[in-house]
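Since the structure comes first, as structure tokens, the remarks are kept for the end.
Order of writing sets the labels: A, B, C, D, E, F, G and H. Residues in every chain begin at 1.
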Amino acid sequence: MTDALKILEDVKQGIVSTDEALAFFKKEPYIDLDFAKVDMKRSLVQGHGEVIYGEGKSVGQIDSIIKTMLDNDQKNILVTRLSSSKSRRLESIEGFTYYPEAKLAVIGGVRKADGLGKIAVVSAGTSDLAVSEEAALTAEFFGNETVRIYDVGVAGLHRLLSRLDDIIEAKVIIAVAGMEGALASVVGGLASAPVIAVPTSIGYGASFNGLSALLSMLNSCASGTSVVNIDNGFGAAYQASLINHMM
Amino acid sequence: MTDALKILEDVKQGIVSTDEALAFFKKEPYIDLDFAKVDMKRSLVQGHGEVIYGEGKSVGQIDSIIKTMLDNDQKNILVTRLSSSKSRRLESIEGFTYYPEAKLAVIGGVRKADGLGKIAVVSAGTSDLAVSEEAALTAEFFGNETVRIYDVGVAGLHRLLSRLDDIIEAKVIIAVAGMEGALASVVGGLASAPVIAVPTSIGYGASFNGLSALLSMLNSCASGTSVVNIDNGFGAAYQASLINHMM
Amino acid sequence: MTDALKILEDVKQGIVSTDEALAFFKKEPYIDLDFAKVDMKRSLVQGHGEVIYGEGKSVGQIDSIIKTMLDNDQKNILVTRLSSSKSRRLESIEGFTYYPEAKLAVIGGVRKADGLGKIAVVSAGTSDLAVSEEAALTAEFFGNETVRIYDVGVAGLHRLLSRLDDIIEAKVIIAVAGMEGALASVVGGLASAPVIAVPTSIGYGASFNGLSALLSMLNSCASGTSVVNIDNGFGAAYQASLINHMM
Amino acid sequence: MTDALKILEDVKQGIVSTDEALAFFKKEPYIDLDFAKVDMKRSLVQGHGEVIYGEGKSVGQIDSIIKTMLDNDQKNILVTRLSSSKSRRLESIEGFTYYPEAKLAVIGGVRKADGLGKIAVVSAGTSDLAVSEEAALTAEFFGNETVRIYDVGVAGLHRLLSRLDDIIEAKVIIAVAGMEGALASVVGGLASAPVIAVPTSIGYGASFNGLSALLSMLNSCASGTSVVNIDNGFGAAYQASLINHMM
Amino acid sequence: MTDALKILEDVKQGIVSTDEALAFFKKEPYIDLDFAKVDMKRSLVQGHGEVIYGEGKSVGQIDSIIKTMLDNDQKNILVTRLSSSKSRRLESIEGFTYYPEAKLAVIGGVRKADGLGKIAVVSAGTSDLAVSEEAALTAEFFGNETVRIYDVGVAGLHRLLSRLDDIIEAKVIIAVAGMEGALASVVGGLASAPVIAVPTSIGYGASFNGLSALLSMLNSCASGTSVVNIDNGFGAAYQASLINHMM
Amino acid sequence: MTDALKILEDVKQGIVSTDEALAFFKKEPYIDLDFAKVDMKRSLVQGHGEVIYGEGKSVGQIDSIIKTMLDNDQKNILVTRLSSSKSRRLESIEGFTYYPEAKLAVIGGVRKADGLGKIAVVSAGTSDLAVSEEAALTAEFFGNETVRIYDVGVAGLHRLLSRLDDIIEAKVIIAVAGMEGALASVVGGLASAPVIAVPTSIGYGASFNGLSALLSMLNSCASGTSVVNIDNGFGAAYQASLINHMM
Amino acid sequence: MTDALKILEDVKQGIVSTDEALAFFKKEPYIDLDFAKVDMKRSLVQGHGEVIYGEGKSVGQIDSIIKTMLDNDQKNILVTRLSSSKSRRLESIEGFTYYPEAKLAVIGGVRKADGLGKIAVVSAGTSDLAVSEEAALTAEFFGNETVRIYDVGVAGLHRLLSRLDDIIEAKVIIAVAGMEGALASVVGGLASAPVIAVPTSIGYGASFNGLSALLSMLNSCASGTSVVNIDNGFGAAYQASLINHMM
Amino acid sequence: MTDALKILEDVKQGIVSTDEALAFFKKEPYIDLDFAKVDMKRSLVQGHGEVIYGEGKSVGQIDSIIKTMLDNDQKNILVTRLSSSKSRRLESIEGFTYYPEAKLAVIGGVRKADGLGKIAVVSAGTSDLAVSEEAALTAEFFGNETVRIYDVGVAGLHRLLSRLDDIIEAKVIIAVAGMEGALASVVGGLASAPVIAVPTSIGYGASFNGLSALLSMLNSCASGTSVVNIDNGFGAAYQASLINHMM
């Protein structure tokens, strides 16, 4: 809050007129109060990670945002929902790495893992891979160690139970499932950590593009489980990272 | 098909006119072909069990249907969706027993169990009790031994697994669940018997009167699972009984 | 259950340490109890049929799964939801047969029919052909004799009734219908066998990709009828096969 | 169109000023053109039947509307959606008859049947009785002979077929069904007359207050079938009467 | 009903055995009772018009159905939902005419208009043209004179009112509208003829592919209006033709 | 903006410390900028009308809010969604008037009409009366002259057209309709003033508690029409009043 | 109203027969009363702006409508929903300007801004740009000064608040938002001007093509906010222009 | 894991037969592995808090569960969804306190606050009070300090901003809102702590019992926000407590 304080001091000392100060508070009322917060929120710790939502943006737009960020000392950048064709035209950027399964690029590498523990990404089937990887890589970008527990749908319970140790040891769990929304319930019952459920749009028939899994997950959140939007692997990982960095 | 054959023979021999025969075929075209089948279907084996759907019928109507049936040698009668207030006014019928939790009455006792094996009724929570009991008692009425495995929602997986033997031994499984539609998936994955899933309307919030459980169950039916209408414990037990009497 | 027993014997005789045994039970707690069951479930009788869900898998992935299976003595393999373009790149596998209408391939031939009786696949219109064939061929793969009763929508009741014998003789009936969800009701009323209804996504206007047929079928399941997911011909056939092999 | 003509003649002869005429055309632009039509529409033939929609109106309001009509030589009046408690307070009106099952009252009797033929009201189950009777009595009120074919749901096809003659002979068919929306399809396939389908809100589970039946009926209207709103027995009968009076 | 009668006479005289007769009744139970009816229903008057639903059929299939029909003295054939690319490959059939706006072909010309009066096809906007033309041409195919009243959406009421004469004179009215479902209400209020409303899937935003227009039309059918499925111009015209041929 | 300015001046002159000023900006950052605006928004002109949403508040709560307002020189108060039973316990407040049809009370009378012109409240049927009156009385409370045009549903177009002058003369139009969502379209086509449409929850069958009317109205808003929430007569009148006081 | 008056005068003087006059009133009953109004409505002030909805129209059709308008002295024409490929084939029309982001063309320039004040177009994210620009350019076409306040979603409240002055000064506000339907609520709370909310179809997962934003906006319209159809930037701007030209 | 180890040791030493050991592993496979975990999960720390879901349980059932718990040294018990009438019959239990607004009882007091920081419960309107209090009291029961920030709906942004300090200082935020689902977005944008959003079923019109708020919240969860089921204040507080006890 030094900026606001300084303005007020400046007003007191006549360096800044009251009209100028008023203009400052009207135009940027939260800069010294909140802007840093918001920034900190958006990048967890200032300078450690900025995010660009790639969908609906042209390669040119993404390229120019990245460059502006790099020029402003944002060293670690995450680009989500980036098609492989777009990624090819950004490859020349220094430090650019593309992850085709997650449709996600990282510039400048990921933050060093400094969370309380591991974030487990549990998924039901191979068709949930893209969303799972978006979640896992996002979590890693924000400084978390992850453990991938894939293809453990509840119809094959023995496979899920064989990974019980990893599930129980995780500090936060992200449960990704399309048709098998049941996964969140079962994992929520086995673990004592917070579970963030991500319904996926993969499925057919009465899966209705993820609506079925979404409703199923919402109805299971009796104990320690909450839900994010359909296919929102990024959002789940973002919240999981916040939780894993609680102190 | 003797009736139709006989008519045709009678026509041949002049006992029945062609007009009368035509009238017969037009009026009851399926009597000798199908009527018995349909009856057999509705009562599994003629004389062993007739069903009255009690909802929307007055006590007087139910009473008179029961009496007509008894007069026609229907000795075992099931009345479903019967409120306890209506049941009190039918108590004087001989052999009448009311099951308040299932909102169901049986007259003349149930058929002797003669199926291939047991029908397991598995349910997630105490709030699914009414539908579970409707299913279990209906199955018993139609001549099946049942095993009740209640309150084994997937959030408490250890309770479900502690009943694994009963689940694996059952010839047919009825999985009843409201908010926890997940139960059908998990049971379907553990057992090799056919599973009939019954979504229940119990729940709150985004359970939408059973729609959430219904969709969840439909999306899980990859292997050996099918679904009946919301709260339709009777329908599940009826089909389970057909399957348990396959030969 | 010999594996678990053997471990315990080995522990008793000091061949295996308690720590190793514990690790065994934790890692694969259901191998000797359930894994075979699950396998048996997934392939009905071990070695008689393994299934690959082709949608969303690359040709390379499918090819490698098939080869692993063949190497492990899985002689009969079913691949569902396989596009004709993908199938062309798998033709060289020995014993590979592709059924374009059902979008399904069989490797190593189908199991010998050894069920209780026939499974009838009844469908309403020509547009339901793909789902009907998926159901019929799946049933045959799992060792069932089938009878196809196609294009018998209820708007042309005389055609349906002309196949009455086949319908009545079937041990299990699969009713496939898109706009004409009514078919399941009518067939369910005519037959005494269990009916598994498959809504299809074919239709226009207020058919809403199969939702209308699904609801219609669920509301008809008063007597011996249950429902699987929209377009899930495989699931219906799988359960029908389980029922047709009851003993 | 004599009124408009007369005004114009009056203008021509100076009896009416152009301003007055203009006011006339602006205020009641359709009196001489359409008002009679609309009236004729609403009462089929002027003086033969006026309708009051009873729901949401107080007994006092209904009473006063009836009296105004009677004072204006409306001799035959139909009141729909009239609860039995309200009806008791209207009994003293001369010529008042209440039909409790249809929740409908007729004052001054029904119009003499003068249609082309009979209107058949076909219904699936006893729970559809109220809507069926609303349709049948409305049709009779507007001068149609009716034939009631009740409790012929498609699950018991033999009962429906035993009434085939009546169905085929009808000039118009009203098909009333709740859960069994299938009835409209089957009847539509058997008959060559126009079929008007009425979904009813009776049902449970996934019937969703008639939505399931509505969708089912809409998807069946390939040949000669159309649909009115859920529970709208009156609307179906009104249109059926229009059709039965075509000339 | 001569066929059934004749069989019975033949049985009586020993020309046909009872087994053969039984087979006849089982195989074609409705030939002499209903098959002609059904045919007559499907083609209004035998030989005057047969319909092929083109969607989902290959050019080869359509071509072979047409030829079979022509060989069986079906001289007038209607093919609906026929894409222009398919139509080009059928042009060589004698008497083949394609109507690109309606995506519909007629072979052998339309039946001579012999209805009670005209069928008016009223539509709201230019985007409803395809469905309107499907309705108008279908009506003409089945022997009806039509009058097209297009682009008279209720937002421009003066245009609709300028066609009032045509609306009032029509014997049956087909109201086609997408976003402006209101059209059916307004036309239903102006005319005394039966109105069949066709919601169309054209629109954007909250039109939800015709659902909005469908609900709007269902809620307006207080007086003489009923509804067919979304985009079902054929179905509306078919029923309109039945009504226009009432006698 | 005098408050903020004054604080800054005070800071300059040392009357207020920078810490105190900072606290002021943090605690009430918008008082001098926006609070008056917001107040002005909520009461249009400060002191001329405050609104209490009565639903879900106890009589005691409402009573105490009213008294606090009166003590703070709020002379004109509107209470919406107030049941008649609650209203009886508030009658003793001076200047309290209750309008039972609109379920609305006014304390201290309405503001003098000072808008640009009249607000017309147009409604389709008698069942829309409550919402219409809520709209009309709210508009009057905020200082608007209103004209009520009730029971002019589009099925009786001549009644609507007979009120054409009033519709055309209005400065703003509120169109209230339940089943007849069509009203908004038709009125929107006739008038050149802004139209605010209010769907009502009255109706039956497929009206789905106002959803049908809502969708219908949204799809009609091509020209000058917008929509508020179902039954939100207050909201429509509030916006209409803002528009009628534009200057 | 001169036309109608003149006709009546002509009738009076015998120049026009009563039959001819009657025909006039029947055919064009509202020409002199309403046609001009409707025109004025559609183009705000006759000759200042006509609109063509481009979607679903061919380039040829659009071209010919434009030329007819130009021939009839319509100098300012707006074409909405015009793809860039179509626009290229219309470029040769004199005075034709295409705006690719808004998919909109203007011929003859926009009307001079003559409203009461500015219309603010506020939008949540970059993905709402197309709808926002459609709204802004439409408002300008109809003679309004606009202020664009883009990319001010509520998740970054400080950016929204930094534009507070522009929001408060606007005479009418158009709030465009997809996933963040919240924007309308927040803006509605900050401003005292009427707010017209436009939900957009951009989003993923449970945004359901704008349904989520639509419902969110409807539920926020407590004070001065109303809603138009999903993506209907034109409709919002049209109504905003009406409001901004109130006098 | 001592139990499992001990059994294995016992087997080794011949104290337990392999059959007995096998039975042990089959019957309670997870007792020594997971049962404690699950308990710990359900009561956070064994003995510190057990929860009874009161809805659908009789007073007698609740009473007996409470007593069993007390007998087993569960000293702190939470009963949710408990009506005030039921609560009156449980008052005599020692240490029983009922909170009528939250419909919740606590026996034995709440756990001492030992979390990382405060949990803020932010709610939009007075009608969200019940759910907010359920959340706040549940959080306190599980050992969290809470701060209540009520009635800060986004339409009155200045009230929300005046509580900015409390929002920013909270370690976890629970955002409760019915119609104003926007609250979660705005709070999520202001704070850097994890936000758990609870949609409530309060509202009218198109709020559809909380569905609108649910969708709105799901679409806002871009950064650090997740959602629980409608009205699930308990579930939100449970997860918030898990997060606030991360270490």
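We take it that contacts are C-beta pairs under 8 Å (C-beta built on N, C-alpha and C of every residue); 3 or more make two chains touch, one makes a residue touch a chain.
A quick note: this is a predicted structure, and the numbers were derived from the prediction, not measured.
A.B. asks: How would the chain D/chain F interface be labelled, same or different, where same requires over half of its residue numbers to be shared?
C.D. replies: On the two sides of the chain F and chain D interface, the residue numbers are mostly different, under half being shared.
A.B. asks: For the interfaces B-D and F-G, which has the higher count of C-beta pairs in contact?
C.D. replies: If we tally the C-beta pairs in contact for B-D and F-G, the bigger total goes to F-G.
A.B. asks: Compute the distance, rounded to whole Å, between the mean C-alpha positions of chain A and chain H.
C.D. replies: Each chain reduced to its C-alpha mean, chain A and chain H end up 24 Å apart.
A.B. asks: Roughly how many whole angstrom separate the Cα centroids of chain E and chain G?
C.D. replies: 39
A.B. asks: Using Cα averages as centroids, what's the distance between chain G and chain H in whole Å?
C.D. replies: Once rounded, the distance between the two centres reads 49 Å.
A.B. asks: Please list all residues of chain F that touch 2 or more other chains.
C.D. replies: Counting only residues that touch two or more other chains, chain F contributes 26, 29, 33-34, 38, 156-157, 164, 189-190, 205-207, 211, 214, 218-219, 222-223, 229-230, 232.
A.B. asks: How about chain F: which of its residues touch chain D in the complex?
C.D. replies: Touch list, chain F to chain D: 126-127, 156-158, 161-162, 164-165, 202, 204-207.
A.B. asks: Quick check on the complex: what are the chain E residues that touch chain C?
C.D. replies: For this pair, the touching residues of chain E are 26-31, 34-35, 38, 55-57, 199, 201, 210-211, 214, 229-232.
A.B. asks: Using the touch definition from the top, list the residues of chain A that touch chain H in their complex.
C.D. replies: 33-34, 37-38, 40-42, 116, 164, 168, 171, 189-194, 196, 214, 218-219, 221-230, 232, 234-236, 238-239, 242-244, 246-247
A.B. asks: Under the definition above, what is the set of chain F residues touching chain E in their complex?
C.D. replies: Touching chain E from chain F are residues 153-157, 179-182, 185-186, 188-190, 203, 205-208, 211-213, 215-216, 218-220, 222-223.
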